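There are structures below to look over.
Next, two complexes with chain A in common: one pairs it with chain B, the other with chain C.
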Partner chain A sequence: MSLGRFLVRRTLQGLLVVWGVITVVFVLRFLSPGDPVTFVAPLDASPELRQRIAADLGLNKPMHVQYADYLAGLLQGDMGYSYQRGLPANDIVLSRVPATVELAVASSIVAIVLSIPLGVVAATRRHSPADYGATLFSLVGISTPNFWLGIMLVLFLSVQLDLFPTSQRPVGFLEAWTHLIRFKLAGPSLSVPLDAGAFADDMGTWLWHITLPAVTLGTYFTALITRLTRSGMLDELGKEYVTAARAKGLPETLVRYRHALRNTLIPILTVLGLQLGTLIGGAVITEAVFAWPGLGSLLIDAINSRDWPIIQAALIVIGVSFVVINVAVDVVYGYLNPQVGYE
Partner chain B sequence: MVSDRTWRNLTVELKRSHLAKLGVVLILFILLAATFAPLLAPHDPKQTNPGEANLPPLGFSETRTESTTVMEDGEITIVEEQVQVNAQMEHPLGTDHVGRDVLSRALFGARTSLIVGIGGTALAAMFGVIVGLVSGFYGGRIDDALMRIADIMLAFPSLVLAIALTGLWGQQSESIPDPFHELGLAPDMPAEIVIPSTIIAVVALVNWVWFARVARGEALSVRNEEYVKAARSVGASDLEILWRHVLPNSLTPILVLGTIQVAAIILLESSLSFLGFSGANLSWGLDIAQGRDYLSSSWWIATVPGAAIVIAVVGINLVGDWLRDALDPGIDQGEGGV
Partner chain C sequence: MPRDLLSVRDLTTRFFTQEGQVNAVEKVSFDVEEGEVLGIVGESGSGKSVTALSLVDLVEDPGRIVTGEINYRNSELAESASENAPDAVDGDFVDVRKLPERHRRALRGPDFATIFQDPASSLNPSLPVGEQIAEAVEVQRRASANPRSTRSRTQSYGLGKFLLGTALPGQGYLTEESKARAIELLELVGIPDPAERAEALPHEYSGGMLQRAMIAQALAGEPELLIADEPTTALDVTIQAQILDILGDIQEETGMTILLITHNLGVIARMCDRVGVMYAGEIVERGSLEDVFDNPVHPYTQGLLGSIPDLESAGGRLQPIEGNVPSLLDQEMEDRCYFADRCPNAMEECLEKPPEFPGPGSPDHAAKCYLADHPYEPEQALPEDYFDDESSDTTVGRDDGKDDASGEGVSADD
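Our next item is the complex of A and B:
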């Protein structure tokens, strides 16, 4: 199948799933106990006031009309207004996206930078102390709940040694760059004078604050990829083409990295695609531990206060980005593995 | 049901692999702790005792600065004094901020984790396997429809969906009488075992898809085998064929997947409890959340239950590796822990 047709088909499938996600999220509200009005109205509200609030929120219409309104709103990019803050749910949810993306990207970088060398060393020096260390690390790493790991990191590195802050994100990655480059951020447009010193300060603060959350979220993936790299490399190094490459006198580093490692990376990518849900779920918990102002902590707050427009918007953003990333992974996979191609 | 060859593969692999042995030992340890918690625990895990709050574990006796407010002649002064706090034999792993015994809570917490882990996996497997077998065996439109539903389920990270469902639906739980208490063997212990039913239902709901996929693959692969055709030609009904021929052939990969899922669900339960979305009042995740507020003074409150989770999950993962290596069903791991 050509890339074009593959993209069209995969996108259509993705759209179907997105529609399913949107519908499930809508139905969820009707399946959940508790009248949203009670969370919005004052405690001593009269029945008339309650009815007026329900009418304002569109909650007194029949379910199918509400569903049509909801879909129509979504098509125009309107997800309603937060019950709690009265602001568009859209703006609130989008303002939280950068923090979650920063966390996910930073922890992926931590995981890839640490795990692949570790896995390669473990595979090429089998039964050495390094191999046993890597195996033990990956076993414990995939078995440790990340919220507990985060708390233990805070206990040792923040409380005892005072090396890192315990929580918060005082400045964002993009905000730091506004000191250096002019571009528009969502929200009030800032006109700060260009200032390299302020940029360095803010980047430092950002790095300092994101280190523990990124390590917390990244450890599971570091452990998982180390394990996959090790077993994949062992498989590849035992194959005939490697023996042939060695026999014709190729330097060992070339054999290992150009041939064996490259073939190991393809199945790793597949597993990572499957594990994206774990990354997003892990981000939610990590944000809760470190008061990191991303989508996850927003979702948990919204659930606790039954702020339905926010719950729906956050779930839709999470579900849709998950679908989009999966399609992207499939495309990259087809590119890297021409034998499979776009099927 | 289990063939001789399967047994031989399992024992050979167990003799060969030290990690598999370690896994079996750890699982037995956790199973014993959970089963006999009322007999093993030194104290009632829910018994508070403000006079013995924040006692350190054995070997960690410490001097603490305690400030007391004294009011004398209408003037308030804060007096700081150094107090020696000794660990007590009665509380080998210390006590929490309201004086509950940390070891007893860890032992009882194992019950909640295993009830949710095993119960949730069993429920997910039952539902997922039925859907998967029907889907793969009949194919066509039924298969398309069921697999699209599965895709939508997979579009939500399972933890996110579980948080939304438990957060919104509340946390119902049922209680059954504790047999040790009934028999009068542990009169000072809680009389009931709490079964967090909402959490069990939710973890099953977010995890059945993995079982459905594996069962579907197996059903697809045996659908056109000669023996299935033969069974059909002698008049066996679809249900009989599914039950007698297709299901037994799928058991190995389902068993391996089930083992890994118990570990994943234990992690999921602990995350939900940590966030406060739990129906159980004795749970490792809950204790970690409470201990977090006392990290700077009483580190053991959050540390002990977390170590218990790691022991349980390492054990189950090792046994999962053992089963996979011995039985080699050739499945991927699916969405793993947290």
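Our next item is the complex of A and C:
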């Protein structure tokens, strides 16, 4: 199958999944306790006022009509208004996406950069101190709860040693870049100064703030991938094609990386993709510990106040990212493992 | 007068497993003459494949070559080795085992090439076949572009170079020339449409095609010695004949020296000039093809030949060799002839290890059996039930897993 047809088919399948997510989340609203009106209306609101609020929010219509209205809105890119703040759910949710994506990507990068070399070293120097160190690290990393690690890092590195900030995200990654982009849009003729200093300042601040959350979130991930790399690499290095590659005189670097590691990465890639999806939806605790303004903390707030448009919008965004990441993983998978191809 | 290309002395390879020490190859000595095909034949678990892997220093953990010399004649290598490893050199011969590891590694490909039993698992499933052959070409190209003395250094390829090669186009290990040469090699071994097939992945090839590709890969290094470890075992009978034809043709054209390892006496008869018969990690009989096939001395060799169907004297039942290859676990091995428990002519003196006696054939003919020295003496015979107590447990831990796993006996299929 060609890549084009593969993409079309996977996109259609993905849309089906997203529709499923939308429907389940919608139905969930009718199954969960707590009337949103109670949270929106003043405490002393009269029954008439409560009725009016319900009518305003469209909550008095039959369920199927509400569902149809909601789908129609979604197709037009309208996810409704926050019950609490009255602002469009789109804006609220989308404003939180960059923070979460930054955190997920940063912790993935931390994980990949650390874990794959660590796993390779552990596998190629089996039973050496390096191997035992890597194995111990991955055991500890997998068993350490996120929130505890986050709090410990804050206590030691931020509070005691004052190396990192304890929380917050004063500036975003994209905001930092706008110092350069604005210059580009304006063009050199307009003599808007290239604000490299501001860019460097903002990037520094951003990096300084994201380090601890990324390490906290990435530790489990690093430990997991280290383990997978080590065992996968040991598996591949024991295979006959590795002996054959050595027998033809190939330098050991190529035997290890061009042959064995490449085949090890195929299954790891799947885990990586799934984990990245989990990170986008599941950074809730880390975001809470570091007051990181992402989707996770937004979702918690929304659930506490039964702000259903926000809950729905956040879950849809998370669902869509899951689907997109998985399709991307499949595309790369087909490239790395031509035996499977785009089937 | 043919000269020896390789002279192996007392090669001993052992596996140090959790169950104990496995003596896979025990004091094996043989010579390979330049331009000949030397066959090594034996049952599964007799140590043939481990012998092959020992020669190219690819015995894997927990296995280790314990002692022995692998003397390789190469005046160029001897000259360069006399500087950095003088005690390895003896005239034109170099004891490969005494070379530093990176020098030993540099011998693989351009000096010793190997063909393995199962072509399907000997190629990386996710790289195109042509690229894998091109790698072998590239190894040879880089090797011959440099004098031997610096070869081990120039052959190395660090992680930095690899990352650079992966990231930048045109900086990789392979070159266009080596890819083109790979296509030529595929054509040479009779693969149709070589340019197109070079792009294909191993799973898109048939078994016979893959073994041809493996031969092409081995030829890429223009090796002095080709070690073919069961090259036809995993193939259909008709394909086996084709592969042997290709090997035979190449040997005739280039005069390449081949060490052919097989359990198949038919393959030996067809291809080899001289033969060594392996049993329980030892070469029990060796000699020219005629010596071993027409005048076998060792009862094991006689048993092997007796298990071949013979067209001319059809009708009689084949004579199998009773029993199994003994355990190679050190603690279960006694200091006797390892074949005595299966031998129809076992005598009391067989409880003591026989030395190698000259055989009745050519000067080359020799056997590790007292029968080569003096005829069978019935009054010395061991009682038939002598080994019964221990024979019950001799099959435990027999296979060390490094030899052919298919469990075939010696056969005469061709």
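Structure notes:
In this text, the second predicted complex is superposed on the first by the 324 of 343 C-alpha atoms of A that agree within 3 Å, B and C clash if a C-alpha of one lies under 4 Å from a C-alpha of the other, contacts with A are read in each partner's own complex, and residues count from 1 in each chain.
Basically, contacts are C-beta pairs under 8 Å (C-beta built on N, C-alpha and C of every residue); 3 or more make two chains touch, one makes a residue touch a chain.
Just so it is clear, the model here is predicted, and its values are computed rather than measured.
When both complexes are overlaid on chain A, chain B and chain C end up sitting side by side without clashing. By the document's definition of touching, of the two partners only chain B reaches A:Ile318; chain C does not.
Once the two complexes are overlaid on the shared chain, A:Thr278 sits against chain B while remaining clear of chain C.
After overlaying the two complexes on the shared chain, residue contacts for A:Val17 are found with chain B alone; chain C is out of touch.
Taking chain A as the reference chain, the count of touched residues is higher for B when chain B and chain C are set side by side.
In the superposed pair of complexes, A:Met233 makes contact with neither chain B nor chain C. By the document's definition of touching, of the two partners only chain B reaches A:Ser32; chain C does not.
Legend: residue contacts after superposition of the two complexes on their common chain; A:Ile116 is shown touching neither chain B nor chain C.
The three-chain arrangement built by superposing both structures on chain A places chain B and chain C 80° apart around the Cα centre of chain A, to the nearest 10.
Of the two partner chains, chain B is the only one that A:Trp148 touches; chain C does not reach it. Superposition on chain A leaves chain B and chain C with their closest Cα atoms 10 Å from each other.
Those residues of chain B that touch chain A in the complex are listed here as 19, 148-149, 151-152, 154-160, 163-165, 167-170, 263, 267, 270-271, 274-275, 285, 288, 291-292, 295-296, 299, 302-303, 306, 309-310, 313-314, 317-318, 332-338. Within the complex formed with chain B, the chain A residues making contact are 13, 16-18, 20-21, 24, 28, 31-34, 139-140, 142-148, 151-152, 154-155, 159, 220, 224, 271, 274-282, 284-285, 288, 296, 299-300, 303-304, 306, 311, 315, 318-319, 322-323.
For chain A in complex with chain C, the residues that touch the partner chain are 238-241, 243-254, 257-259, 262-263, 266, 336-339.
Across the complex, chain C meets chain A through its residues 53, 56, 58, 60, 105-110, 113-114, 116, 118, 121-127, 132, 135-136, 139-140, 143, 155-159, 161-162, 173, 201, 203, 214, 217-218, 220-221.
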